[in-house]
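For reference, the structures are reproduced in the following blocks.
Okay, so chain A shows up in both of these, paired with chain B first and chain C after.
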Partner chain A sequence: MQHVSLIERLLRGVALILVVVFFMFPIVWIVLMSFQTNETILRVPPSFIFEPTISNYKALITGKLETSAASLEINFLRNLGNSVLLSVGSVALALLLGVPAAYAFARHKFKGSEDIAFTLLSFRFAPPLLVLLPLSLYFQKIGLADTYIGLIWVYQLICLPLILWIVRGYFEDISPDIENAYRIAGHSWFSTFRKIALPLAGPGIAAAGLLAFIFAWNNFIFALVLASADKQPVTVGALAFVTASGIQYGQIAAAIVLSIAPTLALALYAQRYLVEGLSLGAVKG
Partner chain B sequence: MSDIKMSIESVDKFYGPINDSVAAVSNLSMQVQTGEIVALLGSSGCGKTSTLRMIAGFEEITRGNISIGGQLINRLPPVKRGVAMAFEGYALYPPLSVRDNIAFALKSTKLSQSEITSKVNAIADMLEISDILDSHPSSISGGQQQRVSLGRALIRDAELHLLDEPMGQLEPQLRALLRGRIKHYIKSNGLTAILVTHDQAEANALADRIAVMEEGELQQFDTPDTIKERPANLFTGTFIGEPPMNVFDASVHRDGDVFVFTLGQKNSVNLTYTQDQLGPSIGSMLESRENITLGVRPYAVTRRAEGVPATVMVNQWLGDQSHIAADFADKSLVMVEHDRSPERSGEDISIHLDPMSLHFFDSETGDALSHGGVLVS
Partner chain C sequence: MRAYPLTYKKLTPVSTTASKRKRSGFISRAALPYVLSLPALLVCIGILIPFFTAVFYSLQRYRLSQPWAREMNWGENYLNFLTDPGFWATLEVSLLYAVLTVGLELLLGLAIALLLQRRSRVNNFVSIMLLMPLMTAPALAALMFKLMTNQGFGILSYLLALVGVDDFRWGSSPDTALFTVVLVDIWVYTPFIMILLLAGLRSLPTQPFEAAALDGVPRIQQFFRITLPMLTPYILTAALFRLLESIQQFDIIYAMTQGGPGDTLTVFQVEAYLNFFQSTNVGRSAALLMILWAITFFISNIFIKNWLRLRERARGEA
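Our next item is the complex of A and B:
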C-alpha cells in the first residue's frame, strides 16, 4: 500500500472540505432561508441563528401568499405538478422515439445516417430563443400553444438528442454478434432487440433518461414563452414570488427546496448508475 | 453422403460501391456435401469470415447465389436459414449463466427441460466445461468462453454448422484433444460444418476438404493431402506446409540429354537432371520455357556427398527435428531433418534435391505445372 504522510492526508481533507463547502453552501443556505421570514433573511449581517418557521412551506401548500401589503394567490403545487407531468411525459416520449432510433443509428449504417444523427444533436446547439419565437407563432396557428402536448413536443429538443446520442453509444458497445447469436438461434429481429439489446443497454438507457429528466425539469425558457400560468412548471412559476410589494425570499427558497427535491433524490439514488453508465459510454462510445 | 448441402455460386462481396471498392470475396464458387467438414483457410483479410457471414446471413451477398439444402437463401433472414454458428468473438450473452447460454439455442425447439439438460451436460463434458456451467461469461477465461460459444453452436440440430476460428484461444494440449472430440461429434451426428481458420494444422486435422483463400479468391478446394502434394499454384504451395516450401526462380535450358536449371544470380547454382530423372512428360513442358519457378518442400531436401553446395546459416533443434536454414543460390533454403545435426553456422554442406519431389510453377502466373514428375492436367 502506498504510504501517505499525515500532512498529505490533512491537506487532502482540507481540499475535500473546501470543495464540498463550495458546492454545498448555496443549497444549505437556501434550505436555511426557506425556514426564515423575509425579515430575518434580509438582516445585516446575515446569521445562522434564527427562529425557524414553516410559514413559507405553509404558504406554498395552501396557495396563499401573505405579504405585508396584501394576500396573494399562488399556484405553486400546480406548478410542481406541471413540472412532473412535463418532465415525465417528455422523457417517456423521448425514450420511446430515441431508443429505437439510437439502435438504428448504431446498427444500421446507411448513407446519410451520420448526418441525420448530427442534425438531431445540433438542435442542442441552437439558441432556444431563436427557435422559440417562430415556433410560438406556428404553435398558435395550429393550436398547440399553451398545451401540454405542445410543450412536451418542444421539450424533445432537449431530451431526444441527449437520449439518442448517449444510448447510441451503449448499443454500439454491445457486440453485434451477441445479437446475431440470438437471431441465428431462431429469434426474430424484434425479439432480439427486446430480449438482448434493450437489457444490455439498460444502465445506459436509465442514465440517459435520468439526465434528460434533469434537463427537462430545469428548463425555463420553453415554458416561459409557450405556456400560460396554469401550464407552467416550477422554474417559471417561481417568478410569481417577485410581487409588487417586494421579493418573497423565504417562499422562493422554500419553492426551490421543493422543486429540487425530486431531481436531487433521483440523482442521489441513481448516482452509481449515472457515473458508471456515462463513463462507460464516454470511454467506449 | 454425396448430396449437396450448401452451394455457393459466383459470389462477390463488396463493402462499399460495387466495382469501385476492393472485393472482399470475388467470384467464389464451391459446394459442400452433406456430412462433410470444410475448412476455409487463409490469412487475415482473405475473405473467409466474410464468406461465412454471408452464409449465415449477417452480410449481404453483393452478387451471386448461396443455397442451403437446395433452397436459395440470399434473401432469407438468418433465423430461417437453419444454420448454427460459433462466433470468433464468442458473443456470449452476459446476463446468462454458461448453462443458459448453451441452452438458449434450444429454447425455440420443442425439447423438454430434461432433454435440454442432458444435452447441455453431454456437450459440456465433451468440451471440458462441466465445472463452469453455473458461472457467468464475465468470470471465465477467454478459452472457456470460446468453448461455451462452440458448445452453443454444436448443440443445435442445424442444417449447417458454421465455426469461426473455433479453437483460436485454446491451449495447445486442449486444442489437440478437442479437435478429435469435435470431429468425432460432428461425424457421429451426421452434421455438416464449415470452419474458418488461419491455422493449417487445425484445418488439416478437422476438415475433409480445405478451401484455401487469398485476397477474396478461392485458390484451391481439395482434400488436405492433395493440397499439400499437388498445390494448384505458388500461393497454395507456399501457404500450406510448415516450414513453408522453398521457392526459387530459375532459368532452364537443355544441354544434350540434360536439363540445366540455373538458380540465383550472384552465387548461382546449377541443378542438372536428365530427362529420365524428371519424367518423360516434364521434358516437353520444359523445352518451351526459359524461366520457371521451382519449389521443394523442406522435408524433401536431403544431403548427399555429390550434391550441390550450400552454407549453413542457422541450425535449430526443435526437440524432435532440426530445421537447417542454408544459404543457397542467393536465398535461404530450409531443410528438415529428424536427427540432431551437428552443423554450425558457416559450415558447408552439400544438398540434393530429388527430381521426384520438385514442384514446377509458371514463373509469370504462379500456376502449378507439375508435381513430382506428373504434369498438372
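Our next item is the complex of A and C:
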C-alpha cells in the first residue's frame, strides 16, 4: 500500500462529505418538509429546527386535504394501492413468463434463439411512447383502456426483458451437469426444472424480480398515457398533486416520501442483490 | 456410494430407449424450448403490433381532431422536418441533454468510484447511501427538486440568494431550465455510473499497479496509463447505456416543466407526447418517434456488442 499523506486523507474526507451531502440532502430535506406545516415551510430563513407535525400524513391517509380555500378530497392511498398492485402484478407475470423462457434460452440453443432473445432485449431500448401512443388507441377499441390488466401487460415492456436477461445469465452460469445427472436418474424434465434448476438460480431470480419491481414502481410514462385518475400509481398521482392548486407543500412532500419509501427500503434491505443487477451483469459480485 | 446402484437401476431403461426417449408429458423434446419461450413471445408480439402501427401512422396525415382528413401522405411528415425549425430545436435539445448528462455523470461517477475504490466500512456505507437517488423514481426526483427550487421557500433558491444570486429562476426561466433538469438527471443517474465503474475498478488485476508502484511511477501517470485504459470497456458500456436512456428522457423533463418554459425543453419524447395529446397531430408525433427509434437502434447495437464482450470477460474471470 502506498503511503497516504495527511493532506490527501483530509481532502478525501472532504470530498466524501460533499458527495454524501449532494446525494442525500434532497431526500433529507423532503423528509423534513413532510413534517412541517405550511407556516414553518414558508419561513425565511428555512429552519432545521421546528416542531414536527404529522398532520400532513394524517391528511393523506384520511384523504381529506385542508387547503386555504376548502377541503379537498384526494385519495392518495388509492395511488399507493395502485402502485403496489401494478408492480407486484407485473413482476409476478414477468417471472411466470420470463423464467421458463430464460431457461430455454440458456439451456437449449434452438433455431433463432439468439434472435428472439435480442428482439426481447431491444424492447428495453426502444422509446416507450412509440408503442404507447398507438396502444392507447388500440386499448380503447378492445376495451383494455384504463384497466389494470392492460397496464400490467404493458408493464411487461420493462419487466420481461430485465428478468429474461438477468435470469438467463444465471442459468448459463450453472453447470448443466447436475440437471443432466438428475434427468438420467429418470426424473421428468419438469421436475428437474423445478427441483434443481429453479433453486440453483434462486438468487438470480430474486435479484431480477427485485429490480423489476423497482423499475415498475418507478415507472411514470405508461400510466401517464394509459391510466385515468383512479388507476394511476404514485408517480403520476404525485404530479397531479403538484399541479392541483392550493395543496399545502408539506402534503406534497409527505406524498413524495410515502412514494419513494418502499423502493428505498427495498434497496437498503437487498443492496447486495441490486448492485449486480444494476451493473448489467457485467460484474460478478 | 449407496446412491449408485439406485440410479443405475433407473438409468438402464432410459438409456436403452434413448432414441425414442420418454416424453416429458406430451411435449416433445425438440419443441420444448419453443413452448417455454412462447408465452413470453406472445406477450411481446402484442406489444410489437403497435410498433408497426406507429410506422404506418408516421406515413399519414392524421390528426385526431380531423379524422375525416386522414390519408396516406407517405414521407411528407419526414420531409417537413427538413424545413421545420421545431424539429431541429427538438433534435438539438435532445442531443444537448444527452451529451451534457452523460458527460457530467461520467466525470462525476468516475471521480466518486475512485474515491470509494478501497474497501472500507465508510466507503461501503457511502456507496449504499448513493443507491438511494437511483432508487427514487425520476419523476418524483424532479418533483423533489421542484419543491427545493421554489421561488418562495425553496432551499436551493435560498442558498443561492445567500451567495448573492437573487434572480435564478431554475425550471421557470428558459435560460436555466436545461441546467435544472440536467441537475436532476445527474442526481438520479450518477450513482448508476458510479456502481458500474466501482465494480470495474475493483475487478482490475492488481499486478500492474504493484509493478508500477515498485518502479516509482507517479500516481497520476498510473491513472492515465493503467487505470483508464483498463477501465475503458466499463466506461464505454456505462456511457452507451446512459446515452440510450438519456436521449429518450421524458419523466424528469415532463414532471419538472412539461417541456417548457415555452418550447425550451421539447426533447423527442416530450414533443411527441405534446403533439399527440395537445395538438393531436398523430402523424408528426409518430414520425418524431420513428427518428428517435432510429437513433436508439443505432446506439443500442453498439451497446449490446460492448456489453456482451464485457460479460464474456467477467465470466472468464469468475
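The criterion applied here is as follows: the second predicted complex is superposed on the first by the 244 of 285 C-alpha atoms of A that agree within 3 Å, B and C clash if a C-alpha of one lies under 4 Å from a C-alpha of the other, contacts with A are read in each partner's own complex, and residues count from 1 in each chain.
Convention: contacts are C-beta pairs under 8 Å (C-beta built on N, C-alpha and C of every residue); 3 or more make two chains touch, one makes a residue touch a chain.
On a predicted model such as this, the values are computed, not experimentally measured, just so you know.
A.B. asks: In the overlay, answer first, second, both or neither for which of chain B and chain C A:180 touches.
C.D. replies: first
A.B. asks: Considering only touches as defined above, state whether A:253 meets chain B (first), chain C (second), both or neither.
C.D. replies: second
A.B. asks: What is the contact status of A:92 with respect to chain B (first) and chain C (second): first, second, both, or neither?
C.D. replies: Neither partner.
A.B. asks: Can you tell me whether chain B or chain C touches more residues on chain A?
C.D. replies: Touching more of chain A: C.
A.B. asks: On the A-aligned overlay, A:266 touches which partner chain: chain B = first, chain C = second, or both, or neither?
C.D. replies: In the superposition, A:266 contacts chain C only.
A.B. asks: Does the superposition put A:77 against chain B (first), chain C (second), both, or neither?
C.D. replies: Touch status of A:77: no partner.
A.B. asks: Of the two partner chains, chain B (first) and chain C (second), which one does A:189 touch, if any: first, second, both, or neither?
C.D. replies: Both partners.
A.B. asks: Where on chain A do chain B and chain C both make contact?
C.D. replies: After superposing on chain A, chain A residues 184-186, 188-189 contact both chain B and chain C.
A.B. asks: Would you mind writing out the residues of chain B in touch with chain A in their complex?
C.D. replies: 56-58, 77-79, 81, 83-85, 87-95, 104-105, 107-109, 149, 152, 156
A.B. asks: Report the residues of chain C in contact with chain A in the complex, numbered from low to high.
C.D. replies: The touching residues are 7, 10-11, 13-15, 24-25, 29-30, 32-34, 36-37, 39-41, 43-44, 46-47, 49-51, 53-54, 57, 111-112, 115, 122, 126, 128-141, 143-148, 150, 152-153, 155, 158, 187, 190-192, 195-196, 199-200, 203, 213, 219, 234, 237, 241, 244, 248, 250-251, 254-255, 268-269, 272-273, 276, 282, 285-286, 289-290, 292-293, 296-297, 299-300, 303-304, 307, 310-311, 314-315, 317-318.
A.B. asks: Show me the residue ranges of chain A that touch chain B in the complex, using the header's touch definition.
C.D. replies: 175-178, 180-189, 196, 199-200
A.B. asks: Which bits of chain A are touching chain C when the two form their complex?
C.D. replies: Touching chain C: residues 2, 12, 15-16, 19-20, 22-24, 26-27, 29-30, 33, 41-46, 96-98, 100-101, 103-105, 107-108, 110, 113, 116, 118-123, 125-135, 138, 153-154, 156-157, 160, 164, 169, 173, 184-186, 188-190, 214, 217-221, 224-225, 234-236, 238-239, 242, 249, 252-253, 256, 259-260, 263-264, 266-268, 271, 274-275, 278-285 of chain A.
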